[in-house]
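After this come two complexes, each holding chain A, first together with chain B and then together with chain C.
Take a look at the complex of A and B:
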């Protein structure tokens, strides 16, 4: 039984390695900038959803307010760079750290709430943060921040001529989020989180400090999402409150995980690979006002998946394995 | 950590409740309950429905603090400690309504318990497997907890609690609702647990099963300790009979 478990862990790692190599080679064949753009976004959402999955999937604390951390990451990096000339790399770490601290500060009251009340709290807090930023003149208020272009360099993390550096960074980000999840899955925290999700009372009786477990999950999750936000700010080089902190980001982080399999290692990746290209394509093919159409596609997919495969698309693979046994 | 109130000698009881009260609004669930459980004992906590057994259990396990009174465990006042901290001190428990981690495998359920003593995953996994063997669940280690039959789920509750290496194991109706054969297996498991040096306090409904098993029985009625003593004496006690069956039946005893 020990070997069975170790084998699965090793197989996951090897598979992730292979997929990374394949993904890294794709740009050699795909030169179309539009397609490359979609690939960057797909990888970014894979990373974001993987991070969201840590708090909401593994620990079971469904957050629909993660746009807050995404926006915090984006704003921290952009503000530090434009106002103080701090390199985006430090901005990323600072944004991550600020988000983690804020996640815990918010978790302090919110983790006393259970179920739907917690979800509602996360939505409301993110909306409040959005309003605050929209009215904060120093941070550009509703107009946002234009990140000045200072030439292509890895040091300033700006690239105008090619999308490839962004692509590889997004790939690295997705790998890191996946590896962190992989590592945490077989750690004290991973077990505690799943126990908290399944039954907090039983978990507490087995020595799990439920509150601290949730705080830990929130901090890790918020940190990684904020790094994603920092990346996004550099990638689009112009941010405004609605475009980095809007409610749709909270949804876009949650949906791939839900579609692929919430609380699973591969769910977010699988979900992002299917959902994000689909959205981008519907958006461009169904016309300019397509913002609604991609959400309709999402909604339909989610309804179909929850009806047919409540445990997400990854459950197809485990079902086949069980049948083969 | 609170300083020990007295040196934990072998003679001092492992668990003591001193004048414990629990009120839920106007309802008094426990009134002035003082019981003690010695090291290595199997003590049965019995009483009719609504006697306050489960409340007392929750007070001992640290689910809620008592309205009044104190709980001493292993020479330390644990009254203000939460459930997780009491588990750390050596109080393990099962739940009357089983609370398995349904989306996890059987062994993963037990690993959660084992992690409190050792956070190296390989060690915790090995420990969990040993506990499953002890409880006769090793064959089901990689099955999802949701796929277990009720009697197996009860044993999983015990296994999970044992993985935390408790000094005191609180069993909340683990033998209730089982077939006679399953109940007998359960009784043997409880004996094995005690043989491993773990003190057992069990709430149980079914007198025929509990009485031969326990060293001592404490009868609760209407939130108070009615009598306590050897099981053979307790079952013949007129007060106990009248509490269970009503006054008319106590006359003949």
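Take a look at the complex of A and C:
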């Protein structure tokens, strides 16, 4: 059993390596800017969803307020850069650190809540932060922040002529999020989290410090999501409260993991690779008229997948493997 | 700030709060019955408001007369949603909570998309109605008539709901199914039928609320989203599993919102509601009257 698990982990790692190499080569053949843009977003959502999955999937604390950390990352980077000239790389780390600390500070009272009370608390906290930023004049209030373009440079993490640097950064981010998850899966934390998810009372009685486990998951998850937010701010070079901290973002972050397979290593990647291109394509082909066809397609898909495959799309692959054996 | 302005805003807050209670009643009823949170609840409200608007625009039916028709239409709609979507969601063998959240949430997106497709994203309003724009003055306090009637409808609806749950066979079947869905099958109650009727009833209540909201609020495809979060907070404040908790929750939400609007800029009025929610669940993790 143990060797089987070790084998699977090694296979996962090799597969991830191969996929990364293939993904890294794709831009050499695909020069279309529109398609590259979709690829960047897909990788970003894969990274975000993978990070969300750590707290909500593995540890079972369903957060529908992760837009808070995404927005914190975006705003920290943008404010430090525009107001104090701090380079985005430092802003990224600062945003991550601030988010991790805030996640633990909020976790302190929130992790006592269970079920829907917890979910609603996460939504409500993100919503309070959104309203406060919308009314914070120094941070641009509802109008947001325009990040001035100072030319192409890795130092300032700004690229106007090509999307490729963003693509490779997003790929690196997705890899990091995946590797962190891969590593945590087989660590003490990983086992604790699954125990907390399945039965917190039993876990507690067996010596798992439930509260600390949740805090750890929240900090890691928030840090990575905030880095994603920093990246997004640089990528779009304009942010406003609604577009980085709105409720929609919390859902968009959760959906790939949910549809791909919540609490699984490959679910978020698979979900993002299918969902994000589909969303973007339906939006540009049928949604341009503003008639909501993209929403109809997207919503129907969510209903059908969640009803037909409660374990997510990864279950299709594992079923086939079971059958082959 | 005079005592008069404070009383004035608390009075309108109370009326709005009773309406919030009515909006949330269906959500609380459905949750109490089968532990499912309907994430399309705001969209149920949205189609009720559209139905009211179109009855007014094409048949010149006043929203007050339309209310029972809209409630009846929503009853059918709610039952159909249960039979087509939710029935399968509650059967999920894995990740049951997730499946319920995201299947109803997907439905919400579809409904919003359909509303945009058929009705366009334009803001519409019921331009003139029996109550629209009128106020009554009671002891120097001005109360807007639509909200006043809405509050009365809410109180009547909750009283009716009380008698319905405690005094009728169907109400008893609801209670019994809620307590033990397996055992009721033994005495010949069809669980699916009870759930479908429960969803119908929950949707009819929000239909009633939508008809009244349409008198004084704009109707547009995303209108539900603004009220859905308030409805969830209302139900959770009262405590999941308690229909009458939603009534108390609504009153608290309305009063807190009015108080916040006195102190903070209007754009921050929801912050008060959310903060009070957090405060209450941090002290009482099951809400005020919750059973779980």
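FYI, the second predicted complex is superposed on the first by the 315 of 325 C-alpha atoms of A that agree within 3 Å, B and C clash if a C-alpha of one lies under 4 Å from a C-alpha of the other, contacts with A are read in each partner's own complex, and residues count from 1 in each chain.
Here is the rule we use: a residue touches a chain if its C-beta (ideal position, glycine included) is under 8 Å from a C-beta of that chain, and two chains touch if they have at least 3 such contacts.
This is a predicted model, so every value here is computed, not measured.
Student: Tell me which touches more residues of chain A here: chain C or chain B.
Tutor: C
Student: Could you say whether A:123 touches chain B, chain C, both of them, or neither, answering first, second, both or neither?
Tutor: Only chain C; A:123 stays clear of chain B.
Student: May I ask you to decide whether A:5 touches chain B, chain C, both, or neither, giving the answer as first, second, both or neither?
Tutor: In the superposition, A:5 touches chain B alone.
Student: Name the contact category of A:148: first (chain B only), second (chain C only), both, or neither.
Tutor: Neither partner.
Student: Once the shared chain is lined up, is A:109 touching chain B (first), chain C (second), both, or neither of them?
Tutor: second
Student: Who does A:17 touch here: chain B (first), chain C (second), both, or neither?
Tutor: A:17 sits against neither chain B nor chain C.
Student: Should A:195 be classified as contacting the first partner (chain B), the second (chain C), both, or neither?
Tutor: Touch partner of A:195: chain B, not chain C.
Student: Please give the residue numbers of chain C that touch chain A in the complex, ascending.
Tutor: Counting only chain C, the residues touching chain A are 31, 37, 85, 88-89, 92-99, 101-103, 105-117, 120-121, 221, 225, 229, 232-233, 236, 240, 265, 267-268, 270-271, 274-275, 277-278, 281-282, 285-287, 292.
Student: Which residues of chain A touch chain C once you look at their complex with the stated criterion?
Tutor: 62, 109, 112-117, 119-121, 123-125, 127-128, 131-132, 134-135, 247, 251, 255, 258-259, 262, 290-304, 306-307, 310-312
Student: In the complex of these two chains, what residues of chain B are touching chain A?
Tutor: Within the complex, chain B touches chain A at residues 61, 63, 82-84, 87-88, 92-93, 95, 99-104, 107-108, 111-113, 115-116, 119, 121, 125-126, 129, 141-142, 160-161, 163-164.
Student: Quick check: in the complex, which residue numbers of chain A touch chain B?
Tutor: 1-2, 4-5, 186-188, 191-192, 194-195, 197-199, 201-210, 263
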